[in-house]
Every structure is written in structure tokens, then in C-alpha cells.
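Paired with chain B in one complex and with chain C in the other, chain A is shared by the two complexes that follow.
Up next is the complex of A and B:
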């Protein structure tokens, strides 16, 4: 009797969240998956039939592959930059700064989350343009070898993306590093490990799960990004994300847009599977098992 | 460890799903703007308009004159391309009251049954239209029913910074000139750019290009000079005012407005030619407020509206004789656009087949992707 009641309450408790998940996430995704195999958007009296043409179009035009590769590389660069910038920050916050200062530092990290993307990117435009804040600062420092202009370049896109996604890395790394007991490090020190060895042999491996989840949180949205490239990238700002957006917003080619989005999803799934495999191999090598 | 792994996988799945779902969200750069009327009495209903941002119908005086007169709230949905008008009509039928396609896209809307025939007898100002607009065959179906009311017309040609080019610009090749590298802003539209490249190649019929590969090559060369692509009037003006760009292809009416705002901008129709367009007001099929839509059409082609627009903000060339006569002798829309030689240089936008549009769009995507 108790078992049935538990089952019943489980169903009651889980139905809203899973029902919502199915309705809000899986249903539109399913519709888009079907769309990617249709010849046209089924609205009005359009003759619609199943076709592989959208997928053929992708594979026959090599520039779509190149754009996909460009977007994947952009995701990779953004992730690496976020690790390089975020790791020291998370380390300092978790292990060095006293507790009462952490809240203030957290605020600084989280503020980009609160600001509207468009506002954030236009602010970057003011900083990065010729005669902008950064340019004037560099000139004030005394570098006079011409003016610095980053706006409307690929680098500007990376600046915008890193700024927007850095909080994910800092927060996940902070949680991972904070969980490493100080006694581990003290034990290592008592056995003669120097600061570098304590970091590289103890702290770093134990913070890896945080780094990996942070990387996944950053990599996946950045490869589909379209606002940052469009506003900051100038003529270099065409990505697979902007092409997908054009199909939906401007061109009414939802079918091809859905195809591009699904192919990107497949690429991501393959990469994640490879990453999972790699991590398992690493663990097996270290003798930890599954 | 297992717990952590499960968490990562869950996050991963949710994120991937939401990342893909997110692709379909509308571009945040084109927000829906609501023009609030200040009338104290509640408006009877909302007139929903599709137009470009800052293009006449959303001027404050329109709300003052038209909105108050008929006690309606006027709400605009802004577009960044003609295709977007069609997209909005296809996905939201019976939602909009009036739309502003150019003649080429009006044809597509007619073929797809997205617009209603207009009873021109209900428009007091219809007879005031210049014959070459009133009698335009493209406005009509085989039975002779009219579907669009010609509002204004103009050119997509070259706007440039008069401080940077004190001697003016006398060729479309200025966009390709290596001395202008990194200073050019171009409209992110496959149609406009392919026509411009064709004209620059000396093609008099750029809608039927002799050699599409040569056009592509020409566009790749153009990209070397391009600083960035623009999608709206506001965006072009910002780029221009900041000095990010000093020249680019632009609309005649928008250039007039920018000059009126005090930007050092001049507009030229180069000898090689430029793109011409005629914008028409039309009523979508099953528009919710047809009576007011007719009043809107009539008001939009009135000289009262046109002259106020031109005086306060700046407008493209008018379609009625009365409006034209009221302009000063040296007004751009009278002196330059009224010049038959300039008119002869314009290649007017043509209705393209879906196949051609797809081919041109793919070419343009490839050019953009090469950067």
C-alpha cells in the first residue's frame, strides 16, 4: 500500500516538470525535426512533401561546412579563453579571498548576466571602436603606432562572447575548487609537495569536473551564437548561427534553418560522445574504473 | 563521481535542446515598437502596421493627426527585409491592417493571396496620383483589380560623407576603390548587392545577369572594402555618425532624413545606374479593421501627410503631382529624382521566381561566409 502511495506521489510531483519539459522543449524540437525533411513550411495552401533536399543543399555547398567549422572553432576559442581567464579568478575566490569579500566578487562576476545582451554588446562597441575607450587608453599610455581598432573584427566577437559566458566558467570552477578540502592540500604540503605540485597534482585534477561542465555550458551556446557576431563582427560576422537566424527571420526558409540546426546538434552530440569516451579512457588509465 | 556525471549529462541535454530551440527566437534587434497615443479616452482599437523603422508612418505627427482623428492606437511591427513582410503575413494571418511592400514584393503577396483587392473609388486621393503610378500594371491582377496604392518611390544608390569626399562621388566603382578600404557599409540583402555588382560590371539588365560567377567575384572584391553590413536605417546612420563607414549603398529617403538630422551626408545616383523602387500600401487578406485601413491609405497618399513628413523628417520622392509641385525647385526629389535622365538610369526592382531568389541568396551567403 505504501509503495503505491509513493508511486502515486512521485507521479503527481514529477508530472508538472516533465510535462512541461516535453511540451516546451521536445514538442517544438520534434516539429522542427520534421520540418527539416519537408519541402516547404506547411502554411496555407502550399504543396508540401517529404524531401532530403535540405540535407543535400548542406552537403553540396561546402561553404556551409566551412561556416560550421568556423562556429565550432569560435566555441573552442571562447571556451579556452574563459578557462584561462576564469580559472585564476575562481581559484582566488575559493581559496585566497576571505569569506566576507566573496559576495562582492561574485557580484562582479554575475553582473554581465543581469545586463541585456544588446546593451552589453553596444557598450563593447563603444570601447572597441577606433577613437573608442580602449583606443584612447592605449594612446594615452604612449603607444603611438597608429590607432587600435578591434570593432568589426573576429577578435571583437570573441571579446563579446567571452564577456557574456565567463560567469558560467567562474561559477562552475568556484564550486569545484571550493569543494576540495583544505586538509588535502595541507596533507600534501606536510609530505613535502611545493605550491606548484599541490596545484598540479591535487587541486587541478579535482577541479576538472567543474571545468568540463563549465566548458560544456559555454561551448554549446557559443557555436550557435548570432547576436554577438552580427553586432561586433562586421564583415567577418557570418557564422552558422547567423545563417540559421536568417532562414527563420528573413527568408522564411524554416525547413533549411531546421536542417542546419539539426546538423549542428548532431555535430555537438558526436563531440560530446568523444569527450565522454576520452574522459573514461583517462579514468581507466588512472585506475579509477568507471 | 557518478552523481556529478549525471548532473553534467542532464545539463548537457537540457542545454542542447534549449540551444536548438533558441534558434527560432526572433532577432532581438528588431523589437516590436508600440507607439502610444496620449489621448486620454481609451482608443477604440489598435491599427497594426508593418513597415520599416523610421519610415514615415511612425512619425509622431501621424499619431497626432491620424491617431487622434480616428481615435485609434497605431502599432508598428518593424521589418529588416521585404521578405519579412511576407513571412509575417504567412505566419500571422488576419492580424495586420496595413502593410508596405514594394511593387516587386506586392506581386508575390498577390500571387500567394496574402493581400486584398482595393476599391480605389473609396480613396479620395487616388485620382491625384501621377498617371505613371496610378496606371502601373504591376499593381493589378489579370482582372484589373488594384492591390497596392503607390506611396513614395526612390532609389537605392550611394550615400557618402561630404567631409570625406568634398568633390563628391561620380561612379559606382567608388565602393570598390581600394582607397576606400574598410570604409564601406553595405545593405545585407542578396537582391540589392547582386544588382549593384551587376551594374558595376556594366550589365544593363542586372536582374538577368550575363554571368553569375562574375557577379560573385565582384562581390568578393567588394567585401575587401566592406567594414560591416547594415540591416536598418538606424544602423546605417549610427555607423555613419561614428565614422565607422564613410560611404555605402543606401536609400534616397533615408539619406534625405540623415542630412536633415545634420549628418554630413550626400546621395548620388551614379552613371552606371542604381536600384529603383516604388513602395505601396496594401491591405492584407482578412485585415481586422478594413474601414480604417482605407482611411489610412487615403491619408498616406495625401499631400498633407507627405509635405509634413518631408518638412519634419525627410521623405523619398512623392507619387502625386500636388506634392511634387509643393517642393522647392532645387529639392533633391524634384531636381534630381524628377530628372528624366536619372530616372532612365534606375533599374526598378523586379519580381523574382522562388528559384532565382534561392540561387541569389545562396550566392550571397557564400560571399558572406568567405570572410
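Up next is the complex of A and C:
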């Protein structure tokens, strides 16, 4: 009796959520996979057959190769910039700033990240455009207006991406660095390690898992980004994400769009699996268990 | 030496905050500037906020966004809480698998999920509507609710419920008087958090909204691509303060680790 009741409760409680996730996430991805092998979108009487043409189009056209490389590189640049800018801030938050200010700073880092992406990018467009605040500042310094053309360049896309994803890196690093016990550092100091050694021998290795999680959290969405390149990149902002959007919104080549999106998904899943393995290895090495 | 390092640290933190907030502040200030071309010197004026009130398109889009976000946050929080309850209360086979499959909806770029949903609705011959938007938004919100509520439920001492039952409370009363107050902070956080996810979501709405219907982010995106008007600054300023308030209130509960 009890066992059946338990099973019944489990089914009643879990089915709505997981049914929804299957319908809204897993099933669509499966259908996308099927569409990527179809010759056309099934409308009315049109004959539709299975084909590898969409994949051939991708692999035989160096244009898409170059765009994929560009998107991957953009993800890499964004991640590296976020590490370089975010590490000092996370370190300051975890080890230097007094405790009572920490929560406030934490909140301040989080807010712009959860604020509307479109609004965030719009604010950069205002700052970076010709006649915008940065341009006025340059003029005030005595240079000619427009001597620093930034909006609608690749650099502007990077600025927008770094601005959006920096909080991820700061937060994951902060959590990792905060966990490093001060007593470790004090012990090292009492044994004669200088600040440089304490950082590279203790703090940095122990913060690596945080850096890896942060990197993957940044790298994955960045390679699929299309709003940042659209709004800040102009014509230079063509990336694999904008090409996917084009297939659906402008060109109505949905099957090819499905192929591109599926290939991107494969890259994402491989990255996630690699990350999982890497983090597990690090934990095992440290003897924290799997 | 120590002092110099501390000063440097503060300066660095300050410069990062300027990087994070500078453009947003500029945008907000320009929303109060009289010049439509963002010209300086600054003349304080509420003209763009007044224009906003009569801008039918933005008002309708705002209403759509609010209705959608309310529906999404209520549904996702309710369903997600049920699942989290089961996961925290019972031990069963396949639980860790159920936890693992919460990761993809969070980690996969929304662009991929959006086009996949578009294809599925097309294939099922379901026209784009409020329903298709709700399906997508709830789908990406549910994992967050389940994760947050699971942490909440794990902190609940189930002995309290048993004690209440043994003292004669029926299951409903035990839930209402004992469990509900304990998980209330998590519920409020989930509601606000999922509201923010839906209210701010551009990508899913961009692909799943019916022709001619737009949510606020879609409307702002369209206006930006047409050109710059300070009315967008005005609505963006309001949206920014609104999202910031939501995050600050729900942020206490969610540890942002996930």
C-alpha cells in the first residue's frame, strides 16, 4: 500500500515539470535534428525527402568554416578578457575588501548581469556611437570627432560580450577563492612564502575549478550569440549565430538553419562533457570524491 | 605597502563598477535630457517619459511582457516546486539523472532552443501565440525553480511535519502551517527570478511571438534597429530599475551558484 502511494505521489509531482521539459526542450531538439536531414520544409503537397545536402553545404563551403572559427575565437577572446578583468575583482572581493562591504559589491556585480540584455547593449550603442559620450570625450581631449570609430566594429561586439559575461567569471571565481582557507595562506607565510609564491602556489591552483566553470559558462553562450553582433557589430558582426537567425527570419532556409543549429549544439555538448570530466578529475586528484 | 595595495584594490573595484554601470548610467541620464540627439549641455526634461505614456506600441508591448512574465512565473514556480518537493522528500532510482537533465536547458544557448521550438511548433501545426511563448519561457525557467526549491526543501526538518501529524493535524493543515512558511522565501525568490527571466528574454520571444505581437525586449530591439530615440532611454531606464529591484530582492535567496 505504502509503496504504491509513494510511486503515485512521485508520478503526480514529477510528471508536470519533466513532461514540460521534454515537450519544450528535448522534443524540439530531436525534431530539429530530423529537420536538418530534410530537403525542404513540409508544406502542403511539396515532396520532402531525406538528404545529407544541408551538411554537405556546410562542410563544403569554407565561408561557414571561417564563420565557425570566428565564433569560436570570439568565445575564446571573451573568456580570456573576462578572466583577466574578473580575476583581480574576485580576489579583491574575497580576500581584501572588509566583510561588511562584500555583499553590497556582490549585488552590484550581479545586477547588470540580470538586467535586460537588449537594454544593456543599447546603452553601449549610445556610448560608442559617433557623437556619443565616448566621442564627446575624445573631442574634449582635443581629437577630431570620429577619430575613434568603435560602434559597428568587431571590438564593439567584444566590449558588449565582456560586459555581459564578466559577472559570471567574477562570481564563480569569487566562490572558489572565498573557499580557500586563510589559514593555508598564513601557514605558507609563516613558512617563508612571499605574496607572489602564496598566490601562484596556493590561491591560483585552488581557484582553477572556479575559473574553468566560469569559462565554460561564458564560452558556450558566446559562441551562439547573435544579439551582440547584430546590435554592436553592424556589418562586421556576422557570426554563426547571426547566420542561424538569418536562415529563419530572412531567408526561410529552415532546414539549413536546423543543420547549423544542430552542429552548434554538438559543439556545446562536447564542451560540456569535457568540462564535466575535467572538473571531476580535479576533484578526484584533490581527494574530495567524485 | 599594505595601504598602497588596499588603495589600488579599491581603485580597481571602482573602475570595474564604472565599466559595468557607466553605459547604463549614461543611458538613464540621457533619458532625462531635452535634446533628442543626446546633445550636451544637459537640460533636465521629462519630455521623453511623457512621450512614452502616449506611445501605444511600447505600452502594448509592456503589457504583453507583464502578462507573459506573470503567467510564466506562476506556472514555473508551481510545477517546479512540486518536482523539487518529490526530489527532496523521496529517495528513488534515477533521481541523479533527473537532476542532470536540468543542466541542458540552462546551458544550451537560447538561440538553439528558440529555433528548435520554432521548428517543432511548425511541424505540429501550432500557430505562434501566447501559448508558444509560455511553453518556451517556462521550459527555460523550470530548471532554476527546481534547483532553488530543492535547496530550500533540503533545509526543511521533516520531523516537524510528522510531529504536527501525530498531534492531529491533517496533511493539508500540516503543509499550510509548517512546511509552507518554511519554503515561503524560496517561493518568493522563484517567482521573482522566473518573472525576471521571462520579462528580460529576447531570444525566445523574437522567434516564438506571433507576427505583429511584440514583447518589450522585442519592441526595444526593433526600435534600436530603426534608429535612436530618447523614448527608448526612458523605457530602458524604467526596465533597468525594475529588473534591478527584482534581482536584489530575489538575490538574497538564490545563491547564484548554479
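The rule we apply is simple: the second predicted complex is superposed on the first by the 235 of 290 C-alpha atoms of A that agree within 3 Å, B and C clash if a C-alpha of one lies under 4 Å from a C-alpha of the other, contacts with A are read in each partner's own complex, and residues count from 1 in each chain.
Note that contacts are C-beta pairs under 8 Å (C-beta built on N, C-alpha and C of every residue); 3 or more make two chains touch, one makes a residue touch a chain.
Values in this document were obtained by computation on a predicted structure and should not be read as measured data.
In the superposition on chain A, A:206 makes contact with neither chain B nor chain C.
In the overlay built on the shared chain, the residue A:261 is in contact with chain B and with chain C. Judged by the touch definition given at the top, the superposed model places A:193 against neither chain B nor chain C.
When the shared chain is aligned, no partner comes close enough to touch A:185: not chain B, not chain C. Legend: residue contacts after superposition of the two complexes on their common chain; A:83 is shown touching neither chain B nor chain C.
Once the two structures are superposed, chain B and chain C can be ranked by residues of chain A touched, with C on top. In the superposition on chain A, A:251 contacts chain B only, with no contact to chain C. Judged by the touch definition given at the top, the superposed model places A:127 against chain C, while chain B stays out of reach. In the superposition on chain A, A:48 contacts neither chain B nor chain C.
Legend: residue contacts after superposition of the two complexes on their common chain; A:67 is shown touching chain B, with no touch to chain C. Common to the chain B and chain C contact sets on chain A are residues 25-26, 28-29, 32, 41, 117-118, 129, 131, 217, 220-221, 224, 226-227, 230-231, 241, 244-245, 248-249, 254, 257, 261, 264-265, 268, 272. Across the complex, chain B is touched by residues 25-26, 28-29, 32, 41, 43-45, 57, 61, 63-64, 66-67, 117-118, 129-131, 151-152, 209, 212-213, 216-217, 220-221, 224, 226-227, 230-231, 233-238, 241, 243-246, 248-252, 254, 257, 261-262, 264-265, 268-269, 272, 288 of chain A.
Residue ranges on chain A touching chain C, taken from their complex, read 6, 9-10, 12-14, 16-18, 20-21, 23-29, 31-32, 35, 41-42, 85, 88-89, 92-93, 96-97, 105, 107-112, 114-120, 122-127, 129, 131-133, 136, 163, 166-167, 171, 175, 217, 220-221, 223-227, 230-231, 241, 244-245, 248-249, 254, 257-258, 261, 264-265, 268, 272.
On the side of chain C, the complex with chain A involves touching residues 5-6, 9-10, 12-13, 16-17, 19-24, 26-27, 30, 37-38, 40, 79-80, 82-83, 85-87, 90, 92, 98, 101-105, 107-113, 115-120, 122-123, 135-136, 138-140, 142-143, 146, 196, 199-200, 202-203, 207, 217, 220-221, 224-225, 228, 232-233, 236, 239-240, 243-244, 246-248, 251, 256-257.
Chain contact summary for the complex, chain B toward chain A: residues 1, 4, 7-8, 11-12, 14-24, 26-30, 80-81, 83-84, 86-87, 90-91, 93, 112-113, 223, 226-229, 242-244, 361-362, 365-366, 368-371.
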